[in-house]
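See the structures that follow.
Paired with subunit B in one complex and with subunit C in the other, subunit A is shared by the two complexes that follow.
Let's look at the complex of A and B:
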C-alpha cells in the first residue's frame, strides 16, 4: 500500500530530543533521539504505552511544544522555525476542542474564515467537508447538541477542510464506544485514501494501530523500538518489548543447543523449542516468540501430522470460551505459563489434563538481541 | 419515626428563622424606601401620609415644603455630583476592565518569574483598609503634583477595581479548556485573532460581570474618594456625606431610594448576562 507514495521522505525527523523537568527536579527524556521518515500519503501510527513520547512528538510537529535539539523537515522545508498557526498541518484533538460558542458551520469554517476565503466558496467547502465525514445539514447546530461520535466527526471536518499537507490525530477515538470506534477506524482509513494526505495517528491501542496503519512506529521511553508494516510488527517484532506490547505472546528464553538442516533447537529452561533459522549458533542465548494462534492442540498421546519434535507439553489450567475460539491457559513443566488459541470445536479438554501444543517451526520468530540498533537503522 | 417527628417540629421553626433573618437584612432598606414617601417633615419615623414631595423637591420642583427642611440648596449641585460620579465610574470601569482582563489572561496563559508574587499583589488592594489606600493615594497625588479632580479619582478607583475584574475574569478563564486556544492556532489564527474570536467571546460573561461590579463599586465608593476628590469634583457619595453632617432630614430617604433602584438595575443586568451565557 505504501508503494504508491509519491514522496517517500515527506516528513523527516532527525535526532529529535526533548527533556522535561519533573517537579522533583529530575529530567525525563520524552524524546531520546528520534529519527523517522514519513511518506507523503502514508497512514502512519505512533504506538506506545503512556509516557513513551508519542503525544509529545505530535505536539512538536503541530507546534504546541518545542524541541530541545534536532531537526524536522516537512516537504524539504524546516518546520520548527514556523509558529503553530503558520504550519501546513492540522490536528484532531483527543477532547475534540470544538469552539463551544460557535455553531458547527462556523467551527468547520473557522480556518477558512481566518484565511479570508470568500463566503460562497467557504460555505461550499464546509458542506463538502461535513459530507465527507458523513454529517450533512448540521451547520446551524451547537457542539453541545451533538453526540460524542458526531463531535468527533466535526473535529475531523474542521481539520481537513483546510486541506493540510498532513493531518495529526491525537488518540481521537479513545472516547468512543467499541462499535463506533471500529466503524470510525474503517472510515478514517477510507478518508485517508480519498484525501491522499499523510495521517499521523497517535494511539496506545495496538489493535487500532494494526487495523488502520500503512506503517507503525512503536515508541518506548522516548526511543523508536521498531518501524514497520502491521504485518512486520506483529509477526517479526524487533524486540522483546514490541512482541509483548503488540498482541498476545509466548516468549521462550534459552540457549541454542543444536543446529541442523536449517533448524535450531533451543533449550528454554528444560523444554525444547524448534525454530527455523540459518543464523543461530550453538550456545547463543536467544528469545523466541510464538503467538497463541500458532498452536494446535493434541490431547493425551502424540498424534500424527506435524513433526513430533515441534511441540510443547503442558498442563491445561483453564479454558475460556471466547466465541469462535477457546483460549487455553496452560503451564509448562518448568512452571512457565503459556497461552494458546484453539478452535472451539477442537478444544474438548478438561482443566488438569496433560496436552501437547504443536506448532510449525517456521512460525517461531527469533527476537533479535540488538533490537534498538536495527530499529534505528530502519528509521534512518 | 423520631427523625420524622423532629423534622415536623423543626421545619416550621427553620422557615420562621429564615424569614426573620431576611427581615433583619432588609427591614432597614425597606423602611428607607417607605419613608421616602412619608410627608411628615419633622420626625421621619412617624407616618403622616403618602407624598412624592421629597422626590419633586430633589429635582427642583415646586413643593409645599419650607426651604429650611430640605438639604439640597440647589438641584444643580446634586446633579453635578451625580454627573461626576457617572463620569468617574464610566472611565474607571473601562480602564479597570481592560487592565484586569489582560492581566487575567496573562496570568492564566503565560508562565513568568515571580508570577505567584504578582498574583498576591493583585489581591492586596481588596483587603487593604480603604482609609490607608485613600491617604496613600492623597500623599502620592500631592507629592507627584497631580491635580485632584476627576482624573485622580479615576486613577484611585482603578487601583482596586482592576483587582475585582482580575478575579472575576480569572474564574472564567480557569473553567476554559486551554486546548480550544491551541485548536484556534492550529487552524491558522495568530494570537490576536485567537483572543478576538475564541478567548474573548468565551470569557465575555466574566468581563461584563467584572465591569458591572466595578461600576457599582466606583459609584458607591466613599472613603477613598473622600481623600482624593478636589473641590470641583465631588462625587455623589461624598456629596451626600456632606449633607448628612447637617443632620438627618427626610430628603435623604429619596436619594437613598434612587441609588438603590440604580444598583438593582445594574445588578440585574449582570445576572442577565451571566445566565444568558451559562453554557
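Let's look at the complex of A and C:
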C-alpha cells in the first residue's frame, strides 16, 4: 500500500535509559540501555513480564513519559523534542480510554476535529475508519452502549483515522475473552497489512506475540533479551530467560563430554543428551533446550539401532488429555521433571510406566552461554 | 381496594421522613412567608389580615404615594447582591479548580490531609473567623502592614467596609462548598482520557476545553449553585466586613424583620430574592445544559 520503500530504520531507539524512584527510595531501572530499530511497515511486539519496561517504552514513544538519556528518531527526525500532541503517532489504550461524554462518531472524529478537517471529509473518514474495524453506523451511539469488543474497535478506529506514521497498542486485547481475542489478533494483523504502517504492540502474552508479530522484542528487567521473528524466538532463543518465557521448555544443563561428526554429547546430571553442533568443545558447560513437541514416545521397548543415543529415559507421572495431544509429565532418573507433547493416538501409556522419549539431535537448541550468564546474573 | 406493590410500599416508607420534615420545616414557612408578603404591616409590628400589594410596589415601581413610597434603592441592593454573589462564585471556582487538580494527583495520604485541611475551618465559629479577617483587613491590620513594609503602599488601602472585603470574606467562607463537589468530579477523571486527548493531537488548552471541562461540569454546576445561593442571601459577612457601606439583600431583610418590624416587607424582599435566585440559577443551568446535550 505504501508507495515509499519500507525504510528499515524508520524508528531508531538509541541507548534509552529510564529510572524510577520507588517510594522506598531505591532506584528501579525501567529501561536500561535499550537499542532498537524498527522498519516502516513492521508489526513489532514488545514482549515481557510485567515490570520489564515495555509499557514505559511505549509511553515514551507516545510522549506521556520522558527519557533520562538516549535518543529516539522517527523517520529521521528527533521525536523526544516534540510534545505528545505533536507526535505523528497514535495510541490504542488498554482501557480503550473512549471519551464518555462524546458519541462514537465524535470519539473517532476527535483527532480530525482538532486538526480542523472539513466536516464532509471528516464524516467520510470517520465512516471509513469504522468500516475498517467492522463497525458501521454506530456513530450516534455512546461508548457505554457498546460491548467491550466493540469499544476496542472504536478505540482502534479513533487511532487509525488520523493516519499516524506509527500505531502504538498497549495490551489492547487483554480485557477481551479468549475467542474474541483470537479473532481480533487476526483482524489486527490484517489491518496492519492493509494500512502498511508500523504497529508497535505491547503484550505479556507470548501466544499473542507469536501469532501476530513480524518481529518480537523480548524485554526483561529493562534490557532487550532478544529481537527476532517468532520462529527465531521460539526455536532459537538467545537466553535461558527467553526459552523459559516463550512456550514450554525442557532445559538441560551440563558439560560437553564428547564431540564427533558434528554431534556433541552433553552429560546433564547423569543423563546424556545429543545435539547437533559444530561449535561446542569438550568440557564446556552448556544449556540445551528441547520443546515438549520434539519428543516421540516409545513405551518400554528396548531402544533400537542408530537412535539409541537420542533419547531420554523417564518415568511417566501424569498424562493429561488436551485435545489433539496428550501432555505427559515425566521424571528423569536424576529427578528432573520433563514435559512432552504426544499425539493422543500414540499416548497409550500408564502413569508409573517407564518410557523412552526420542528426539532428533537437530531439534536440540544450544542456548548461547554468554546470554545465559547474563540472564543468570539478572535472576540472582 | 387497590393494593400496592411491595416496591411502592418501600418507596413510601423510605421517602416519608424526608417528606414530612421538608413539609413541616421548609414548605410550611415558605408558604407563611409568601402569604405574609401580601399582608398589611401592623402599626407596631405584626400584620393586619388585609390583602396588600404595596409591599411589592415599593420595590417594583408602584406605590400609593401615602404610606408606601417606591424607591429604586431596593432593586439596586438586589442587583448588587447578585453581582457580589456572582463574583464570589466565579472567584471561588478559580481558586478551587487548580487546587482540586493538584490535590487529586497527590498520594492517598496527601489527599486525606488536604481534604481535612479544607474542612478544618468548619471546626471553629464563622463569627470568630470573620473577626480574624477584620484583623487582617483593617487599616492597621496585617495586610496593610505587610504591604507597607514591602514598600508597595504608602497609605492604607482601606479594604475594610468595602465590597472587596465582603467578597474576600465570602470566598473564604464558601471555598469548601465549591471545592468538595468539584474535587469529587475532578478525581473521577481517568488520566488515560487526558493522555488520549493529547495523543490525538490536542494541545493542553484544547484538552481542557474538550475533555476535562465537560467531564467535571457536574462538579462545577453543583459547586456554583452551592456557593451562589447562600452567598446571595448571606447577611453575616456583609454586616461584619461591609459595615453600613455594603448592604446586601440579606442585611435588608434582617433589618426589616428585626429593627423596622415590618414583617410583610421583609417577606416581600425575601420572596423577590428567591425569585431572582431561581431565575439566575435556571438560566445558568439552561445555558450549561444546552452546550452539553449529552449525559
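Keep in mind that, in the parts below, the second predicted complex is superposed on the first by the 362 of 380 C-alpha atoms of A that agree within 3 Å, B and C clash if a C-alpha of one lies under 4 Å from a C-alpha of the other, contacts with A are read in each partner's own complex, and residues count from 1 in each chain.
The working rule: a contact is a pair of C-beta atoms (placed from the backbone, for glycine too) under 8 Å apart; a residue touches a chain by one contact, two chains touch by 3 or more.
If you're wondering where the values come from, they're calculated on a predicted model, not measured in any experiment.
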{"item": "Three-chain arrangement built on subunit A, subunit B and subunit C clash or fit", "value": "clash"}
{"item": "Subunit B versus subunit C as contact partner of A:120, first or second or both or neither", "value": "neither"}
{"item": "First, second, both or neither for A:26, with subunit B first and subunit C second", "value": "neither"}
{"item": "Partner chain in contact with A:101 - subunit B first, subunit C second, else both or neither", "value": "both"}
{"item": "Subunit B versus subunit C as contact partner of A:144, first or second or both or neither", "value": "first"}
{"item": "First (subunit B), second (subunit C), both or neither touched by A:350", "value": "neither"}
{"item": "Residues of subunit A at both interfaces, subunit B in one complex, subunit C in the other", "value": "62-64, 83-86, 89-91, 93, 95, 97-101, 110-111, 114-115, 158-159, 162"}
{"item": "Contact set on subunit C toward subunit A in their complex", "value": "190, 192-193, 195-204, 206-207, 210-211, 214-215, 292, 294-295"}
{"item": "Subunit C-touching residues of subunit A, taken from the complex the two chains share", "value": "62-64, 83-86, 89-91, 93, 95, 97-103, 110-111, 114-115, 142, 158-159, 162"}
{"item": "Residues of subunit B defined as touching subunit A within the complex", "value": "177, 179-180, 182-190, 193, 197-198, 201-202, 279"}
{"item": "Contact footprint of subunit B on subunit A as seen in their complex", "value": "62-64, 83-86, 89-91, 93, 95, 97-101, 110-111, 114-115, 144, 158-159, 162"}
